[in-house]
Amino acid sequence: MANNEPNIPVNTPSSPPPSKKSYFQRKKEYWGSTQNRKRAIAGYTFIAPAYLLFVVFLFIPVIWAFYLSFTSYTIFTPGEIVGINNYQRLMNDNAFRNALWNTTYYALMVIPLNISISLCLALLVNRKMRGMNFFRAAYYVPVVTSIIAASMIWMWLYDSNNGLINYVLIQLGFNPQSWLNDPDLALPALALMRVWKGVGWNMVIFLAGLQSIPKTLYEAASIEGAGRWMSFWKITWPLLAPTTFFVFVMATISTFQTFGEIYAMTSGGPVQSTTTLVYLIFVYGFERYEMGYASAIAFVLFFIILTLTLINMFITQKKVNYDL
Amino acid sequence: MEPVTRINQKGEGKVKKWIVCMLTAVLLVVVTACGGEGTSGDGETELTIWVAGNSNQIQETFRAIIDDFNEQYESEGITANVQFEPWGELDQKLSTSLAGGVGPDVFMHGAAAAAGFAAGNQIEPLNAYFDDWADYSEFNPGYLEAGAVDGDYYVVPIQGANRMMFYREDIFQEAGVEIPETLDELLEISEAFVERDGSRFVRAATTLPTEGNDLQQIWSAFLWSNGGDILSEDFSEAAINSEEAVKAIEFYKAFFDRELTPIAGMGGQGDQHPLGTGEVAFTFDGVWAIDQILTYTPDAYEHIKVAAPPRGLEGTTTLVGSSGFFMNANSDHKDEAWKLMSFIGNRDNIEKVSSELKFLPVRLDVAEADFVKEDRLFYEFVQLTTEVDGKANPNVPRWTAIRDIVAANVEKAIYGQLTPQEAVENAEKEINEEINR
Amino acid sequence: MTRNSRDVKQAINKLWLFLLMSAIAIIMLWPFIWMTVTSFKPNTEMFAYPPTIIPNEIIFDHYVAAWKAAPWERFFFNTAFVAGVITFSSLFLCAITGYAFARLEFPGRNFLFILLLASMMIPFEVMLIPLYLIIVNFPFTGGNGIWGGGTGLLNTYSALIVPRLLFPFGVFLMRQFFLTLPKSLEDAARIDGCSEFGIFWRVMFPLIKPASATLVVFVFSMMWDDFFWPLIVINDQNLMPVQLGLQSFQTSQYTTDWGPLMAATVWVSLPIIIVFIFAQKYFMNINISSDK
């Protein structure tokens, strides 16, 4: 099977052959080729409907919010342009610093656990066995359980006095914990719940990724005497790279933006130990109506996620340089 | 690569057609949207009213009231449409639609939000309407005051949210104690209620919230009972750095430090009330506790009593909270909107919502109604609200931020991150910063 | 090693695997099981300590009460309709866009893709009001002229559907899967004289069925689960989704009716679980190497 194009998830913007010609010369040459032109036109046509929707319903709101981050907009009053005041205010805002730390801590707990557990689950259920349909569905059920009901059940499980988790701990001879009311434990407890809720989603993506790997490769590897471990590292892991990249980016985005259960279970407490950046955005934006300031926080969050994504993109791109 | 070679161009025409069909279908959905609501004809007025809460009972009760209204005002060409919004998302939906200029003419909200809405010119002062309103004097003045900002009245109250002290008479008897005179004595006798099994509380003296609005509401009542306050009289600066506030924090914190109640609270198991299960001896709660007890632990009802909380350094002051209806300042039909608001506020309707939804009555003439007397606890609670001193949270534009500052600093003191003295100093500083922002 | 002992060893391995997966299944399903058990308990037993795993008394009252609490038939229809339209339209949109980003070269491709990706990184909370204003002022609908004046798309199915036809994550997902396909496939089709669209539709799209099934399941469950956006843009109860029905058990600012909420959550979750079970045969269906 010949593959002329390496499986690089993202090509650098300068993917046409590098040359010493000027930008305009290159441009002219590019558009001079009928094949290039044809393919470019097809490309633009294919993305046109999606881009139309994107511009109207995503891009404009984002740019709008970006503009608002430079104003003192309060939802009810247009406010005025205040330059970078909102961003300056961030630097001295303890609540912001605290939320930034909480978000980082939360992400560090959730993202690695989420990705590794979901990959393990995908490997587990990626086989033909009786009852496998049940297991796959079972692992996906948390994803589809409404966050409101799930939060209520988890609050109950975590309850310090009558919760099931402490009941089990006491039966096993451990000390019961205050979970959601302990500033040191509340965020890990929420992280655990997020992992529970999120692994099914990523498992399904990994499963689809695993299915796209040609079986012949494994057959060839086993003929050559490679063990399971070996074929995982030599075949599965590298070929799964585009999927892993996707899972990582999506996990980063969704973890940094977790809101539902924090709102329902801890309201950011105790002592602000579960106030994440998105929760802070909600508090400033919709409880205090300081939407301009909230937007500034949102764009700091945006740059964090973007940076992480670009770093990951860079690593994946370097690593995945193989040929089938 | 066989599938590839099998491809023929004939199939493609079909595919394209199919896609054209699909895109047309999507467009159609957009276009049919045009045929949405039309505007009403001449001389007809359509009002929109939002009610907070969307439970079945709330919907039924308010639908009936709005139907009555529509019937009565049919001749004047006024129709009201009612919508029900879940409490949890009320703020976001309301502020979004007000920002979009398509907010309801009349909406229900907690009275504490009045100052914020008023500062943004989103709600209409009702003073002029109140002048010609015969029912005005029938309302409990505390609730009207709770929705007033700088002398302007903004709210027609619908539901009171005061807090009183509920307690288990049988547990008090068992422990051989009575409701004491003062808060300090209450703290002293609390030891007698506690029962433990290892580190687990089988019974705690009480349950106290450790964060958010609930913490601010309950703690502020202790602060006021001590004679202290959060803001100065004219709301121009913080007044929380006081001996009274330190005492109130020390009192509150003592329940946790002396292990009279777990920091995680009692009764986290769903909606069952810890008084109903006998897991605590007393709580500071609103009328909603009665319904919780009746739903999940009906047998306990007979043991439960309600009383005014014991005195602080200065006396007893309880929190007066309320929610009610506001008029959108950008409504095109303000006079009609007022007709709707005053209709909801009439005796019959207040009686209807209070009896069917167990809302704490906001009118004095409903306080003695038959349905109130049917439920012993409810009746006693309602009586207390008219007898005991009450105070509402201050209506200042940055109240939500100030409330969070108070709660956060008291919370830090409870968790031992600040001493009570540091907590009030810190709160004072942060509140002043917030006021001067 | 005799054949027999190898069989035994394999059987033991299988048993271990089965036990491990069952244990994980119990942990994953536990909250859902607990919810279901609770929905059959009377109020007085619901929160008993220590908790009862099997109810002493099984009652169906909560199901009856929950069914009466909202016009569920209507809510189910609305959600199914909106989720269905969005799922299938967005599958096509995401696939064709993802395909272009993965396999067609055109200037600005990576920039446009990263722009799309970046839009996901802005918390929705700050986009809510701008997006709402676009919906309200959408030209030529709901009494609007070109600059608004009416209510635009507000309170229509379109408000639920149109802004959510495009999922950047779906484009991203499809792109990643199109990237894994060998280039020889499209080259062969090109030599055969297939049009660019034909290559996408007849050759490439059918090959990423696992990804398509994944996207269908995701988009469908996201739309099924969603209540915040519908809550914001819909005022008419006839257009409301099932998740809003779940909201109606919050009986006051401070209290929730647990029994009926648990009961309703069970039936609200069931359709997506069924869709998942139905879709999962496509996760396992395809193997590009088997085309010899």
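To keep things simple, chains are lettered A, B and C as they appear, and every chain counts its residues starting from 1.
We take it that a residue touches a chain if its C-beta (ideal position, glycine included) is under 8 Å from a C-beta of that chain, and two chains touch if they have at least 3 such contacts.
This structure is a prediction, so every number in the text was calculated from the model and none was measured.
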Graph class of chain-chain contacts, one of line, ring, star, complete, other: complete
Highest-count interface - the chain pair sharing the most C-beta contacts: A-C
Rounded Å distance, chain A centre to chain C centre (Cα mean): 16
CA centroid of chain B to CA centroid of chain C, Å: 34
Centroid spacing, where centroids are CA-atom means, of chain A and chain B in whole angstrom: 36
Touching two or more other chains - residue numbers and ranges from chain C: 47, 49, 129, 162, 165, 184, 197, 247, 256, 258
Residues within chain A bordering two or more other chains: 49, 75, 152, 156, 161-162, 286
Multi-chain contact residues (two or more partners), chain B: 88, 92, 99, 269-270
In the complex with chain B, residue positions of chain C that touch it: 43-44, 46-47, 49, 68-70, 85, 88-89, 92, 128-129, 132-133, 136, 140-143, 151, 153-159, 161-162, 165, 184-185, 188-189, 192-195, 197-198, 201-203, 206, 228, 231-232, 235, 237, 244, 247-258, 291-292
Contacting residues of chain B [partner chain C, same complex]: 1-5, 7, 9, 11-12, 15-16, 19, 22, 26, 29-30, 32-34, 36-39, 48, 52-59, 83-89, 92-93, 96-97, 99-102, 110, 161, 269-272, 277, 286, 288, 291-292, 295-298, 323
Chain B residues touching chain A - in the complex, by the definition given at the top: 23, 88, 91-92, 95, 98-99, 116-117, 119-122, 198-201, 210-212, 262-266, 268-270, 279, 398, 400-401, 404, 408, 411-412, 415, 417
In the complex with chain C, residue positions of chain A that touch it: 1-5, 7-13, 15-16, 27, 30, 36, 38-40, 42-44, 46-47, 49-51, 53-54, 56-62, 64-65, 68, 75, 121, 124-125, 128-129, 131, 133-150, 152-154, 156-157, 161-162, 164, 167, 196, 200-201, 204-205, 207-209, 211-212, 214-217, 239, 242-243, 245-246, 249-250, 253, 256-257, 259, 277-278, 281-282, 285-286, 291, 294-295, 298-299, 301-302, 305-306, 309, 324
In the complex with chain B, residue positions of chain A that touch it: 49, 74-77, 152, 155-156, 159-163, 166, 170, 175-176, 178-183, 263, 267, 269-272, 283, 286-289
